[in-house]
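Order as written gives the chain letters A, B, C and D; numbering starts at 1 within each chain.
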Amino acid sequence: MAGYHQLFIPGPTNMPDRIRSAIDRPMENHRAPDFGELTLPLLEDLKKVFKTEHGRVFVFPGTGTGGWEATITNTLSPGDTVLAARHGQFSDQWIQLCQAHGLNVRVCDRSWHEGAPVQQFAEILQADTDHEIKAVLTCHNETATGVTSDIAGVRRALDDAGHPALLFVDGVSSIASLDFRMDEWGVDAAVTGSQKGFMMPTGLAIVAVSPKALEAAKTSKLGSFYFDFQRNGMSHQNGFFPYTPATTLLYGLRESVNMLLEEGMDNVAARHNRLAEGVRKAVDAWGLSLCGNDPALHSDTVSTVMVPEGVDGGAVVRHAYERYDMALGGGLGPLAGKVFRIGHMGYVNEVMLLGALAGVEMALNDCGAAIQPGSGVAAAQNHFRAAGAATAMAAE
Amino acid sequence: MAGYHQLFIPGPTNMPDRIRSAIDRPMENHRAPDFGELTLPLLEDLKKVFKTEHGRVFVFPGTGTGGWEATITNTLSPGDTVLAARHGQFSDQWIQLCQAHGLNVRVCDRSWHEGAPVQQFAEILQADTDHEIKAVLTCHNETATGVTSDIAGVRRALDDAGHPALLFVDGVSSIASLDFRMDEWGVDAAVTGSQKGFMMPTGLAIVAVSPKALEAAKTSKLGSFYFDFQRNGMSHQNGFFPYTPATTLLYGLRESVNMLLEEGMDNVAARHNRLAEGVRKAVDAWGLSLCGNDPALHSDTVSTVMVPEGVDGGAVVRHAYERYDMALGGGLGPLAGKVFRIGHMGYVNEVMLLGALAGVEMALNDCGAAIQPGSGVAAAQNHFRAAGAATAMAAE
Amino acid sequence: MAGYHQLFIPGPTNMPDRIRSAIDRPMENHRAPDFGELTLPLLEDLKKVFKTEHGRVFVFPGTGTGGWEATITNTLSPGDTVLAARHGQFSDQWIQLCQAHGLNVRVCDRSWHEGAPVQQFAEILQADTDHEIKAVLTCHNETATGVTSDIAGVRRALDDAGHPALLFVDGVSSIASLDFRMDEWGVDAAVTGSQKGFMMPTGLAIVAVSPKALEAAKTSKLGSFYFDFQRNGMSHQNGFFPYTPATTLLYGLRESVNMLLEEGMDNVAARHNRLAEGVRKAVDAWGLSLCGNDPALHSDTVSTVMVPEGVDGGAVVRHAYERYDMALGGGLGPLAGKVFRIGHMGYVNEVMLLGALAGVEMALNDCGAAIQPGSGVAAAQNHFRAAGAATAMAAE
Amino acid sequence: MAGYHQLFIPGPTNMPDRIRSAIDRPMENHRAPDFGELTLPLLEDLKKVFKTEHGRVFVFPGTGTGGWEATITNTLSPGDTVLAARHGQFSDQWIQLCQAHGLNVRVCDRSWHEGAPVQQFAEILQADTDHEIKAVLTCHNETATGVTSDIAGVRRALDDAGHPALLFVDGVSSIASLDFRMDEWGVDAAVTGSQKGFMMPTGLAIVAVSPKALEAAKTSKLGSFYFDFQRNGMSHQNGFFPYTPATTLLYGLRESVNMLLEEGMDNVAARHNRLAEGVRKAVDAWGLSLCGNDPALHSDTVSTVMVPEGVDGGAVVRHAYERYDMALGGGLGPLAGKVFRIGHMGYVNEVMLLGALAGVEMALNDCGAAIQPGSGVAAAQNHFRAAGAATAMAAE
């Protein structure tokens, strides 16, 4: 099959050549005297991506799931209570992880069309006057549903209740793409992986941790060694790791952070918004709707599109893959068959996205959805042309 | 700027990862005893790409222009007469090259909207009863105008006149993409470069030569050393080169030929036709026309699109580059400002091309051409969906 | 500084171009319908590297430490007793990991110049008639000391005692290099990482697990989610992962396993022995000795060389790095300053190793050790020439 | 076969990863408005490598042979007389090239153990009072024999005779490695290729031309188009090329020039001298001699070693390749069987070279030359240790 494979899943995302080149290098000694020249500034610069000054960043060979595990096992003890909402595949898995580690999870079950229930959280926290809840877990961007939750709102709920629980955020498909403000929002642990907004291959868990969480790590009773904050932190001080780190990926991460900071995190977020808005205009033009029931929470990194009655979302994804060499995301869990997902995170531009929308139009039509050919493309074009002109003007 | 740069010029073309990986390797000894294991089968397999059994293929570090020079300086003598038509930038340059080498070029000046003048050639050859014309030069696919000429027709003109002149073909933007039949068409030298249908970086001139041309090389008086067929041929017999060959590019060419032969040259040509036809449907839908005045000669590798009155083709190309990170071809020579060119050669697929058409629509509109957004995309989608279904049926 | 950096540490090891190319690829969808075409045969072929038919292989984004954690947390419960020897940096760390997870470790403290104490293990196991010991932990090859332990002997100790404890082996610097026989030795979990014998970048933990260990995983009470065998195993059955796998590294691992199986695991072990023996001949010629006090246990993957009185091993390593652009391993823990380590694992050949020995000779002399220049090189040359002739004869 | 292939031929040379990465990139439009940002500074910086302020540099897809052809065909006319010495394979081929282009070559035949005959040249030039000789051709470094000629001496011979002939220098295996002073030595054309001192893949001919040679190009009657200085020069002024340039190699050349200029051309030459001297010490220690009969002319980029009576130099090279995976250069022309060549040009360091010398020792012994194992290695070590200390002192 000729032509580049088209990757429009919500992670892994398209890898820039700058990053690919940075990774493609020989191995080296991770205990060399000058190894810290790579790692120390990198760990420092990563803080800018999370918008934290007070926090500390850990980078493990692992994935976002590993980052969750690091967060939980470093800060909590068996039997501790945590508060979490279940409104998508990934918020659900985090709950499962907590349960596997013997935590008591107070689960708020919500529709998969909603974000984290800020109001419900607020009520529970107000009622928890004994402060049994040790941590609140929130998924900033549910990759399964394309719903972005209101982390600032959760922080307000904690503050309004005067509640000391830690605030842990799954930022796997938000950090390095969406506006994320660790310090301002009072986030105590923010978890992500390398293969989303960082535009890298999978393989690194990246976790930013507040001083409060590091303090909690001193008394945590859950076992932890590979992901141990204290053991890693001791090594990190000199730019080293207590195990052999994934040096090639660290060089990739260095280049990724360079690219992000060169653009500026606010510009990165604005770019994601501009591109996502084009996709949303296309979905509107097709007469379809997004999974999230509140437009204010529609994600700028992934759009989960409801397929029309009678069309199988899974078939659309398979057909796009086999016939048009294009990878879309399928529906997970209860959304299986009912949606497909378009990832528009990371290294994407207008022309790539218009190609993707055109491909989606063909796949939808081939699978029985009567979409006006070119309609979504035209709507996105109009948005991109207008938004671009605005950007150009602003830059003058 | 985020996202992959979009390359839709008529060469260099998009490089497949298989080829890119093959090239990215350490250097090695080109005089190693086993070097022929790479080169001998490669030179043999290249013949299949040209569809020649009797010819011989030479690969030089160089470009298509170098291939022209190799052809001319190996087979002709100062003062020799050659017949050529001028109907585009590249047919014109080949004439200049002949003149620089002291040849007498009988030039048929034609409109840049036409192909090679088969009928005029026939008349000249019929009239050349003394056989002063030693060679006929034809550009199979004028990269500047997107017009494909009728090589079989030129062969018929020679045969009908019983004329012994050599037939030299510039196949730079046709070979390895369009249907090309060296033996069947009686082509004596077919010239191309690595950066078009072979989907490689620039850097190799590839020339296939008939036994008749090799015979002519024995008495040619034009000086030649670097490109000398006999000197190179002697070395090639053992898989070597008389100079240090570009080994990394030879490995790339090996992978390129693998890809082409795996797909089959007829399938390669059919694919180019299917994709090109989508572009032509889009141009129609936009209400624009192609440069070539005979639809039968519209190129399957590059479409040269006439811009509407009042629109500057050069501005469209610049704007697409600066605003949408997309490379289109500009107008050359007398076509400057009047056209832009879309390359659809080599490693391209439907979704890539639809993205390009969408980008062109935005650039045209931004530059003052009133194009219905999405109209070209929709026309191409309809063609691709129908053509794909046909392909699928044929494959059953 | 000109010339390639010389990497002679005991991991990460030199990466072959075949593997480097395999890793250098675009990202793709790990949930694509054909993803199992990569993963299923890979997981199956990995078993041949471990020489197991009955076991099951897990591949995690992680490191060897992560592989230890996976083994422990999947199979044991808080308060369980395990038996382990401490005779090097890595055997020590594994003990620490167990303690961090609340296990009761019966530690046999030994000299760092010895291997695992088979006889002492035998006595303890014989005495443990209540079978309190749930697992025996052994480090097959202590990367810190260059001592290879007798795993078959530990198995015999278990069998002779009729003891049902699980046998867990740290094979980080042995598997895919040394002779390793999981089934024959009755190993229940064998742990390694990608950056040693697999000749890959760091980033994958690779763990092979026996049916008996998988059975134990059903009742284990230590928390586990990211590394959970059951959760991963369910996904693996269809070639998938419960998280986003490190696809680029999986392609590298595919190529690594191809290379290993093409050579044959017995040939791989023989090659390591041949090269290591050359290093040992050089050490002898220098008048120096290896760390391990029993020549039968000297490692074929890393040689830990004792520096002469008055010479600082750390200075030798630093000097080699700064002056000769060569990475050697330093002394860890109590061996700091007393040794340097030469890694000869993975993708190494005679000429590379002779260069390394020559570099070591210069560094030693520069640092005050009076080594006869060229003496070690000559001794290794003699061995390589003789061993090569023998190999050639054997191949006839 | 495990381990890196060892490349010690006099070109192509070992490619640094910085250059390899720079080349490994997607294709792009060579007519993009910003393309000159790459090419213009590159063409300017190349002048520093040639040490010319007044000259102009041309870069063609081609090889050194192509560079010779460019030089000759741009500046001379059929029947012109040139003066040249034949004392090696490459000086011989340049003569052949001139003859193929109809030039009258006054050949000074010399032993292949000598450099260019400065005194004989002086006498001929003195005698040529009619100035029939239009150009003097000199091979700065004969890659076949490892003899470096005295270009400054040839310039003096021209000046002393008050002779206006152009001075053309083959610097294929000298430029970017040895001390080369285009302006100071009054060189009118200096030719090299990418695969030697530039540490790049083969594929670029690089030619620096003096104003006097450019003036001569205006009246030259030899045909030239692909390599035409005027046609290329016109395009170069804006950073473009009259054909599609080899963009990936141009990026590699950019990185190569960066590396050379960062180190400084004088330091580059000093480094080559230091490493070459180590090789010469080894050859001495082996009791062998170099091809060049004047130690003052022994090349710092390649050592051509005479094998002892009864040993076949070709067998040594083949054996080293097959048994030790190491590429050495063989003897060319009359030197076939009598020598082998060690390339020590470009990206090489002490440890690499010591490995090569150790490999040579094994191959020589295996092939019947009774060499004391380790003797050459020891001699080189002693030189490297002393020279390094000197360098370190100088740097203080």
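Heads up, the rule we're going with is that contacts are C-beta pairs under 8 Å (C-beta built on N, C-alpha and C of every residue); 3 or more make two chains touch, one makes a residue touch a chain.
Just so we're on the same page, UniProt names per chain: A, B, C, D = Serine-glyoxylate aminotransferase apoenzyme.
For clarity, every value in this text was computed on a predicted model and none was experimentally measured.
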**OP:** Note down the smallest number of touching-chain steps it takes to go from chain A to chain C.
**Re:** 1
**OP:** Specify the chain most distant from chain B by Cα centroid.
**Re:** C
Original post:
Same or different for chain C and chain D, where same means more than half of the interface numbers show up on both copies?
Top reply: same
**OP:** Weigh B-C against A-B on C-beta contact pairs and write down the one with more.
**Re:** A-B
**OP:** Let me have the rounded angstrom distance from the C-alpha centre of chain B over to the C-alpha centre of chain D, please.
**Re:** 35
Original post:
CA centre of chain A versus CA centre of chain B: separation in Å?
Top reply: 45
Original post:
Just curious, how far off is chain C from chain B if you go by their C-alpha centres, in Å?
Top reply: 54
Original post:
Where does chain B touch two or more other chains at once, residue-wise?
Top reply: 4, 14, 24, 26
Subject >> Residue ranges of chain A touching chain D (in the complex, touch as defined) >> reply: 17, 21, 24-26
Original post:
Inside the complex, what are the residues of chain B that reach chain A?
Top reply: 1-4, 6, 14, 16, 24, 263, 271, 323-326, 346-359, 361-362, 365-366, 372-375, 377-378, 381-382, 384-385, 388
Original post:
What residues on chain B touch chain D, complex-wise?
Top reply: 4-5, 7, 9, 11-15, 20, 23-24, 26-33, 60-66, 68-69, 73, 96-97, 100-102, 193, 195, 201-205, 222-226, 228, 242-249, 318, 321-322, 327, 329-330
